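Each of the two complexes below includes chain A, the first together with chain B, the second together with chain C.
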Partner chain A sequence: MANVEKQVQLIKDISGSDPYKCMRCGKCSASCPSYNEMDIKPHQFASYIIRGDIDELVESKAAWKCLSCFACIERCPRDVQPGKLVDAARQIVERQREGDYLQPDEIPALLDPETPQQLLVSAFRRYRR
Partner chain B sequence: MQKIGVFVCHCGTNIAATVDVKKVVELVRYEPGVVFADDYMYMCSEAGQEKIIEAIKEYGLTGLVICSCSPRMHEKTFRACAEKAGLNPYMVEVANIREQCSWIHKDREEATKKAVILARAAIAKVNLNTPLKEGESPVTKRALVIGGGIAGIQTALDIADAGYQVDIVEKEPSIGGRMSQFDKTFPTLDCASCILTPKMVEVNQHPNITLYTYSEVEKVSGYVGNFDVDIRKKARSVDFDKCTGCGECSTKCPLGKIGKIPSEFDRGLKNRPAIYMPFAQAVPAVPVIDRENCTYFKTGKCGVCAKICPSKAVDYEQKDEIVTVKYGAIVVATGFDIINLDKFGEYAYNESPDVITSIELERLMNAAGPTGGHLERMSDHKQPKDIVFIQCVGSRCDSEEKGKPYCSKVCCMYTAKHAMLIKDHWPDTNITVFYIDVRTPGKNFDEFYRRAVEQYHVNYIKGQVGKVKPQPDGSLMVQAADLLDGKQINMKADMVVLAAAVEPNPGVRKIATMLTASIDNNNFLTEAHAKLRPVESPTAGIFLSGMAQGPKDIPETVSQAGAAAVKVIGLLAKDKLKTNPCTAQCDTLLCNGCSTCANVCPYGAITYDDVQVMDHGLRETRRVAQVNLALCQGCGACTSACPSGAMDLQGFSNRQITTEVDAICR
Partner chain C sequence: MKYSYYPGCTLKNKAQDLDIYARRSAEALGFEMEEIPEWQCCGGVYPLGSDEIATKLASVRALNYAKEQGQDLITLCSACHHVLKRVNDDMKNVQDISDRANNYMALEEPYRGETKVLHFLEVIRDVIGFDELAKKVVNPLTDKKIGAYYGCLTLRPGRILEFDDPENPKIMEDFIRALGATPVIYSMRNECCGGYASLKDPEFTKSRTSQIFEDSTGFGAECLITACPLCMYNLNKSDADTKVPVYYFTELLAEALGVKEEA
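Presenting the complex of A and B:
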């Protein structure tokens, strides 16, 4: 249980958004271009995190189908930013694999066909400053 | 030496759960001046007050300290209780051990310690209290209502019917407000004009009501019972007494034909001439010239309206006029508007004329509206077949940047109304409503919404729309998700109606500042108590009516308008008001006439007088401050500003306050 709480906190820290603000209006799911490919829909991300079903979210197809187009982040009326939440889930997986931070000059070495392209897009956006 | 009684309230568990009440009693018992101390479950209850009265009589108490809730809550109660036992009400002090102690602390020991300190400070103060006597001030038996929508109209009618004079100040050329723009009203679907217009006429004809339309409140001074208000009557450019309201001028105005001035009343869906009445049933039925757009005012040429006016009522020379009127009470009924939708680019409001707001739809469905009540698309004037309604546009948002944090309260119901009215007229129309939650608390409200679903087969889908995309063929593509069925939807629509969030009329900030009435983060006026004083502002003599106070529908607005009127009548019915005896006083022996106090006084209560004084055997003339007790509100600004300590506030003297501080620091 403690581990779940730690993971929930980690997701909040990485994403900088608060899943409790979600009112499930579904504007994210309405906007999402990958909606049909996702097993967990964008408007459900917040409740998965609140319930502590982090593993399920991290292991979901949805996490890797997100295109990081940021439409949900832009339009979310509650600033929950589902795109950032699922990006955090992805980063948890990646961090366990490769350590905590991604440096730009390390990226070429990391490029392997197994790494989903959308993860890199998110990573670039996140670390471009 | 005073004989002080200390009464510590448990307030159920509100105080007692965090503060050890018995211990407080034991510790304050031996404070200087205290001859009696006790605790009770509810000090404000009848039994609690009996206890106080008995103690006053039995121990001959000369001062009371009540350790309880905030003085804002029950100071009045306990002062009245003291008075009942023959004690001067100003010999009572309240130590706030609830809001400022038990509610904000968790640690019992710390909280108990703080409660004792607060009690000690109050006891130290009471030792220096002197009996004070309230003065009296007269009440001007006339009320001002700011705003002439349904809220202002109802408030004014109720006050006027009770026999008092009321003035309505309305900034638009006609009264009627938002409601006059509506087509039908929920949940009974009666026509808005049919129920509003008679009230507008009644206002106009009521012997006790004076209308100031096309006018604005410019300045407010004074205090409860005695406000002085400057009203700017903007130049109408039409003589009120001569005009018969025939409307010939509007018909002939050349700008009406060119059609470049969007009609405010029709929300820009129609144009109006430069000389105009907002709508046919306008009250008063006297047009105004919009000087910013009028050719005569811009170039000095034209003058058609003056030429054709059969009663020679057009007067280009008219000037703004400022009238000053005295009022006993002021009601703020400034109403609402909907938010600007520039932030919501995804809904294409600025891109497509077929994406409209609900108020625009009201105009499009109104028989007196721009299309004569025939629902059509503004782009091609075709009747829409598929209509999508989007709820909560800008309501329930997390940040200022996104929109408003509150629920606008009226949208669920008016959307159900729109859907049913459209289906009634044009049954082939397909209507889809995208909602987040359907909120219909209210008498016959949920039944109304269910009728839209069950009888009219309006398609309600849970899920906020993500995007509206105008298509090359002139239609609109609506992208959404059905959250309950787990399906993404791409739906073609001919028309999209946005339920934009409501917000207080933008002008209310300026008015609130003039009235020193407080407003919240969303610019809604704050009530004196959310539950117990919902139609009064914390500023005495200022009352609230309608949407200016918070989102509400017409039935609620009318109820609140009546409630505000009752409060006003209650005030105006008094011949005299008791004035606060805690006013400033000047010690003329100490005053050096520096004017600092007069400069900081917000009420203009301080003047100067030359007095003869004997100083060490020398007779000299000195300029000293004098306080007008009728104007002084006891704010204390002068006492803290006075460099020589000459200004002192009765009931809160400099000595009393330093003694309180000493007691706290002891």
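Presenting the complex of A and C:
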């Protein structure tokens, strides 16, 4: 349990966001372009953290499906900023656990002649430590 | 008027059009873009973690260089604009990040967010003015119906980027009008194209870009303009029936100003 509390605190620290302010209005999920891709939805992020279900959140697909479009961050009426919470979960995977979403070996097969540098640097930043 | 200019990684490679037409247009509009020597890539995505410092230093170096020149800093790429403005906000307003980044940089004078970061379009709106731009247009794009595709990174979060109203922007529409064309307003103009997901999941980004084309052409758009190389790539990869050409806003600007071909 102590470990769960530590992880909850870590998510709060990394995100700088307070999950207790969430009122589950669902505006984030309604705005999220990746809603259909996510197993845990943006309006649920805060409740996973409050309940201490950190493993489930950290092991979910949601963190990798976030596009950093900042729609949920812009539109959250309570400033909970779900995108920051799920990014903190992603950070926990990358800092403490195995499981980068992108491996360098995969890259050559994913390239095409038009691939912009911006795509590669962005993917490396979001999919790896 | 002289600006420090941060081109970013993609404008030196796959998005050279975005850069070259901006340089020619700037000359025609009477301002100078002086490229920052030895700039480093911004990383494309702003690091959200409140304890991340190292990933922000490339931006801090560019920002501090502009400060030392006494110049405002100009960017073109949506991602660079986003990252530089947000890191600048951290340096100005977030004590912990600012202190730790300065400890690392060990500058003679600490950097505290003094540099003003401007997107190229903001220079046109706030310094030159759309009326002045319209006067300098020699080839008006009359009868062209153009949809502005803002995407995410130019607009959000609005309270930090202060580029325009993030839900109802008009800077690109005003720009289109100044070039003599007709802007087409559509609801997907400030929604995400799928961004970096296209690397591992191109089918997903295609579903996003299909919606963007369907929506914009449904309102009559004959082409779209963007400021983002990744939006450009994703939109170009679309196989939508309603696909229309996509241009960097600087290409249409250079065309309207009569400087598209090298003098």
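The rule we apply is simple: the second predicted complex is superposed on the first by the 96 of 129 C-alpha atoms of A that agree within 3 Å, B and C clash if a C-alpha of one lies under 4 Å from a C-alpha of the other, contacts with A are read in each partner's own complex, and residues count from 1 in each chain.
Heads up, the rule we're going with is that contacts are C-beta pairs under 8 Å (C-beta built on N, C-alpha and C of every residue); 3 or more make two chains touch, one makes a residue touch a chain.
Note that the coordinates shown come from a computational prediction; the quantities given were computed from them, not determined experimentally.
Q: Which of the two partners, first being chain B and second being chain C, lies in contact with A:Cys25: first, second, both, or neither?
A: first
Q: So in the superposed three-chain picture, is A:Pro77 touching just chain B, just chain C, both, or none of them (first/second/both/neither)?
A: After superposing on A, A:Pro77 lies in contact with chain B but is clear of chain C.
Q: Decide which partner touches more residues of chain A, taking chain B and chain C as the two options.
A: So, of the two partners, C touches more residues of chain A.
Q: Given the touch rule stated above, what does A:Lys41 touch, chain B (first), chain C (second), both, or neither?
A: A:Lys41: touches chain B, not chain C.
Q: Looking at the overlay, does A:Leu120 come into contact with chain B only (first), chain C only (second), both, or neither?
A: second
Q: Which parts of chain A are in contact with chain B and also with chain C?
A: Common interface on chain A, chain B vs chain C: 71.
Q: Okay, in this complex, where on chain A does chain C touch?
A: Within the complex, chain A contacts chain C at residues 13-16, 33-34, 37, 65, 67-71, 73-74, 83-84, 87-88, 91, 101-102, 106, 110, 114-123, 125-127.
Q: Inside the complex, what are the residues of chain A that reach chain B?
A: That would be residues 21, 23-32, 35-36, 41, 43, 71, 75, 77-80 of chain A.
Q: Which bits of chain B are touching chain A when the two form their complex?
A: Contact set of chain B toward chain A: 346, 392, 396-399, 402-403, 436, 462-467, 479-481, 483, 486, 488-489.
Q: Please give the residue numbers of chain C that touch chain A in the complex, ascending.
A: By the definition above, chain C touches chain A via 8-10, 13-15, 41, 43-51, 55, 77, 79, 151-153, 155-158, 166-167, 191-192, 194-200, 204, 208, 228-230, 232-233, 236-237.
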